[in-house]
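See below for the structure under consideration.
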Amino acid sequence: MRSLPVIVERKSPWHRAFQLAAVLAVIAFFFFVTNVAENFSASRWAIALTLTVAILGLNIVTGYSGQISIGHSAFFGIGAYTTMILIADHGWPFLATLPVAGALGFAVGAVIGIPALRIRGLYLSLITLGLALAFPAIVKSDNFFGIDFASITGGSNGKVISNGDVTKTEGFHWNPPSWAPHGWTTNDWTFATVFVIALLMFAMTSNLIRSSVGRGLIAMRDNETGAAVSGVYPAQYKVLAFATSALVTSIGGGCFALASSTIGPDTFGLQRSIEFIAGLVIGGVATILGPFIGGVLVEWLPYWAFEVNWPILGRLEGPQAGVLYGAILVVIIFFMPGGIVHGLRQIRSKFVVMVPRLPAAQEFSTAPIVAYELDGSHIEPDHEIEIAQPTAKERYQ
Amino acid sequence: MTTMLKVSNLEAGYGPIQVLRGVDLYVDEAEVVVLLGANGAGKTTTIRAICQMIDTKGSVDMCGVELVGMRPEKMAGKGMAHVPQGRGTFPELTVEENLQVGAYVRKDRAAIREDIDHSYTLFPRLGERRGQLAGSLSGGEQQMLAVARAMMCRPRLLLLDEPSLGLAPLVIQSLFDRFSALNKDEGVTLFIVEQNANVALDIADRAYVIEAGRIVLTGGADELRENDAVRRAYLGF
Amino acid sequence: MGILAVPGIDDKFFNLTLFLQNLTNALANGAVYALMALTVVMIYKTTGHLNFAQGEMAMFSTFIVYVLVIEQGFNVWAAIVLVVLGSMVVGAGIERILIQPLERRSVLAPVILTLGLFFILNGGAATIWGTQPHSPIPAPFPGKLDDKVDIITNRVPHFFVTYKAIGVWITLVVLVLLLNLLLKRTKLGLAYRAVAANAESSLIVGIPVKRMLMLGWALAAGIGAIAGAVIAQYRNVLDFNFMAAVLLFGFAAACVGGFDSILGAVVGGLLVGVVETFTPALFTFVGSELSLVMVLLVILIVLYFRPQGLFGSKRVERV
Amino acid sequence: MTQRAMRTRLRVTAVVCLAAIAAACGSDSNSGSSATAGSAAPATAAAPATEATTAATTAATTAASSAATSVPSTEAAGAAFKVPTDKCPADATQPLADGAPIKIGFIGPQTGPLAAFGVIAQGMKVYFDKINKEQGGVDGHQLEVVTKDDAYDPAQSGPAVQEAIQGDKIFASVFQIGTPNVAGTRQQYADACVPQALVGTGFPAWGDPKNWPWTTGGIPSYTVEAKVWVQFIKQKFPDAKKVAILSYNNDFGKTYKTTLDEALPAAGYQIVADVAHEGTSDLSNEVTQLLAGGPDVIIGGTTSTFCTNLIKLARQGGFTGPILNSYTCQSIQQFMVPAGDAAANVFTLVVAKDPSDPAYADDPDVKQYIADVGTYGPGVDAKVGNVFTGYNGAFLTVDALNRAAKMDGGLTRANLMNAFWSFNTKSPIAIGGVAKVDGVKDAYIAEYGVMAEYDPTGQTYKVADGVKIDAEGQGGVFAG
């Protein structure tokens, strides 16, 4: 048996294969949902994807800049209501509503970012908790500082865009275009749309994290004072972090409006924020894959808890499903406190270790090293300086 | 003179990072021993290892009792007291309460009361600020309080982790005078980890120099004072 | 009869008995929130965590009081004392078995654990005692219709104070006094406060820090148990959901007052109660159902000027 | 979905009554003070109630919702309503295969703060098991209840209904709960031609055979109840002038509030206080606001424990006048008894027999119900109103199934829908009147009730000397 862990250099052929496998997995997942899985579960998968986008947004604030936000259900709601109102009352095409949803989310996120400048830690979390509690109340209210939101948002009755089945509906329906593969239903097409948007969002976020902005956020998370000392201007970064995270979450909300086609004020209550946090932590904080796993689990776990005919327990009544869901949360977090992605990484690191690619020896410049005396004259090196170049394996064995 | 503390082949570190690589030293009764070393040489790690604050390998023998493997909170009762780096005061407790906490492991209430009054005589400044929150004291006063608190469990050996940190030279001098007084009058054995070699060597009987996790030099205080390597590295001339 | 027609100020404001009755309601509700804020502070002081399952633990304890009193015929206070002790043991147990192993390995994990506990306790209570509201509700204080002190009854609305409202105040005052006695006068209390102030030096002086964390959870669970019984009677509701909303207000109160201050919890709770009562009564430009939003606005304002809450201690951050 | 535990406690459905309806059924000419209303559909509101209770009453005046005149005259008066099946998938008009079970879906909250409604499914199961055992099911098919959990969140109803229709292939959905939930999913039922019958929300729009033939209402409309209150005050308390309203701040409470805000001034009353409360409040502040207005009558447009607390706090605040109570709080054991003797001078629109009411102890239907629960529903508490609600809903479903089986074309979904649109039967839970609906002139199944006073000592409603309201046949069709 080869000696474990196997060393794999980044960008080496092995690594390329590993990446290819990941891409194949994504395509397989898409194929599974649109063709293999039951048609009705495609709509639940679409909703799950929108939750992953929302949690991806939360990850920017909680994962990468260390600020726990309990208010992301409000941004999710803003995105959903924007899309719903623009489609239901003004007849906008769906894709056109997403930029508006994102912009509104960005604005509200920035506003919430401002108190973040002075207030920190748990106190700021409580402000965001306030946001989560306030959102349903404001949406329902017909007298919020004079503004009658209820008439715009439909108040307690919520809003409906009847995304009915392929042929028979007038009004809004998101039917597969002619070039879509034969046999696709509205559900499959909705899932495909949300899937593409989610991929875009995941790509955008992972680039953001790898950029200088991302490094600034991480520096601020690990040690805010230290980061401030070394040039990361906290005020700007905090507001930016909240705003971008709100933008991503509210775009997730826009997709959620399409996927669920019916929303009400309490769809975006506090329980939604708590669901996002649970999903993020179970998936794996400060990772890219974490929000995906978290979003899927948070949507499907309660469903399985209620629907599945469990081996010993059998079909569960409502409250018992709640107990099972809570127990599963505890078990997951107990055995993988860092979340599933970190847990899997620990397991994987026993077999494969990914190391940065080391520059090949000849890439070093062979120019002689020049030393200067204090008076400006330089000392001639008496011999060619040879740099021994250990291979990657020796270094890390 | 009986040996009070014998440390042999002490290894310790933080997770994968190995800091101490086999430290051997001993402290005899009523002695003042100083451990010198640059930043990151392993001075503080040595004290934390001796007090079992971090996982250690090797042996730490205190008057016949093996300490390695014992839980940190069990150490207080073994006649050893530790004044941590940065003094470890309890900011939200008053000066009096800080002293009372120092005597947590003792049960003899009358004697504790006596010791508190005694420390107010030793450190009159603390007596004046008895009801004040420890957080509001100055650096020097907090250091005094830290020592007084350490004395509250009537230790036979006092471990001090860089007491001079962040104090004015004048304050350091008076502090070290107090330390030698504690040693001479109260018979308390001292083990001081310090960067400020000058002041430390003045009151020390013996000293060790640690570099990169290993003892590189040992000997009497005067002997070390003459050693040019020590002079250039720690005495600065 | 609005003497002074201040724009935006509802003219009923100057109806004296309405003002006094509103004030009484505010302080009673405030005391309820303060009780829950105390449980939040007790845990935050030493562990620095928020326990999302605190409300459900209190609800569960209250249901056990219900079983003892209504089904087994215990005396209500005997049952409460029994349940408080039981709750303290369970609280300490939860901290020791579930929270401590997670403590070192991740910052967010304990939060998720308390969420899991929330669902387990909430679903568990609904499974055992069903989802319907239960009555009669155990009455620690005289709670019949005319158990009240009528002060002004010739004007509309009447100004009166019910015994159970007085009971809530008494419970709060007694608990705060007991807590102060424990923390200020006993060795255990001194050790608990030492761990709250500086956990590492507590270890050095020989304090069993782990047990102090458990003490924090035990105190919170015990206070929660008494609070649950008193709140169930005051709000006249006992079902598997009655504590969820109260806990949120408890979080808000602890946040305003400062998460690590007992005085802050009490003042924070009363402030939240006053704001919740007086916003709809005072201002007409906000719908009466938006008092919750106004409470959150006040918290934002307070925190903006004092980021660590009214009485919280400012944690110095070392680089 | 996941627990909605943190949500505000109780939410109830009933979409805000559209302005059109108010206009249509508002102030048209009053004829005859007491209109009769057929009652049907399930009864008491149990615990966190909401729309789950039964029997509607039309306005004491003429037709409650749209005036009968606006119904297209082409339909012959007596001709039964035929649901259009041209756009339906093939299996909508094929009879059920022999031996295949009839799956009846119940989509509603099983988890979360409103999990109390989950017990409706238990009530349905009791009656279905009884029919399966005693009559071998319907037309040889065994009856089955398929429960789906949407945790009362409209966004979850979509996937839940899709799964029920496409996955479990339910034959019909009965008693779906949540107005936005029903409104959001009725399109799916219409596309799949699956009956969404006897929905458990009090919004008048569910009586609209022309536009939404596959959806029928199952319980009385709150709009109508609010109108009955106004008429009742005018009749019983002629000298009352000032009225205070408390309403739950959700779609259920808003229906009452909007209707009352319009009907009370129209009837010459002054609204001295109009307070909405959240699910989190304990009503102490809100009741103080109500009493500050010095009202003669207080109307409680709220539900569950809020009804009890409104009564207790009002009495403690010195208010001795009449309090009108929503029918969703009719359950004596759960809401009236806890109020104790504060519940004197309290009036509720009694629409159904309450299993916990001693007056019905020897009522044959109630006795049969309690016996059935005993034999077929071990561990199910018969005293809980929602269980009787589910039982009654199942009774009506079986009645419709039997009639559908006899129609030409056999037991098909289309025929079942036609049967749902042609009820004319006496439901076991109704205290009077007939569950009648014909999809042409009368789209509302439950229109019978009695405004009765509650007797706290006898712990029963004085139904005998209450004001009977029976607007059977005058519900008209929804013209919103």
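We call the chains A, B, C and D, going by the order they appear; numbering starts again at 1 in every chain.
We take it that a residue touches a chain if its C-beta (ideal position, glycine included) is under 8 Å from a C-beta of that chain, and two chains touch if they have at least 3 such contacts.
Because the structure is a prediction, the values reported are computed rather than measured.
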item	value
Contact distance in steps, from subunit B to subunit D	2
Closest chain to the centre of mass proxy, which here is the mean CA position	C
Farthest chain relative to subunit B (centres taken as mean CA coordinates)	D
B-C compared against A-D, more contacting pairs	A-D
Whole-Å gap between the CA centroids of subunit A and subunit D	42
Where subunit C and subunit D are represented by their mean Cα positions, the distance between them in whole Å	37
Inter-centroid spacing, subunit B versus subunit A (mean Cα positions, whole Å)	50
Multi-partner residues of subunit A (at least 2 other chains)	137, 140, 270, 274, 317-319, 321-322, 325
Subunit C: positions in contact with at least two other chains	118-119, 122-123, 126, 131, 248, 287, 289, 292
Complete list of chain pairs which touch one another	A-C, A-D, B-C, C-D
Touching residues on subunit C, where the partner in the complex is subunit B	187, 190-191, 193-194, 196-198, 200-209, 313
Touching residues on subunit D, where the partner in the complex is subunit C	2-3, 5-9, 46-48, 111, 113, 115-116, 118-119, 249, 275-282, 284-286, 288-289, 291-294, 304-305, 308-309, 312, 315-318, 334, 337-338, 340-342, 381, 384
Interfacial residue positions of subunit C with respect to subunit D in the complex	12, 15, 18, 21-22, 25-26, 28-29, 56, 118-119, 122-123, 126, 130-133, 135-137, 144-146, 148, 153, 156-158, 160, 162, 234-237, 239, 241-242, 244-246, 248-249, 276-277, 280-281, 287-289, 291-292
Sites on subunit B touched by subunit C in the complex	51, 53, 72-77, 82, 84, 88-93, 97, 100-102, 104-105, 149, 153
Subunit D - residues contacting subunit A, complex	1-8, 11, 15-16, 87, 109-112, 115, 118, 149, 151-159, 162-163, 165-167, 179-181, 183-185, 187-188, 190-192, 249-251, 254, 278
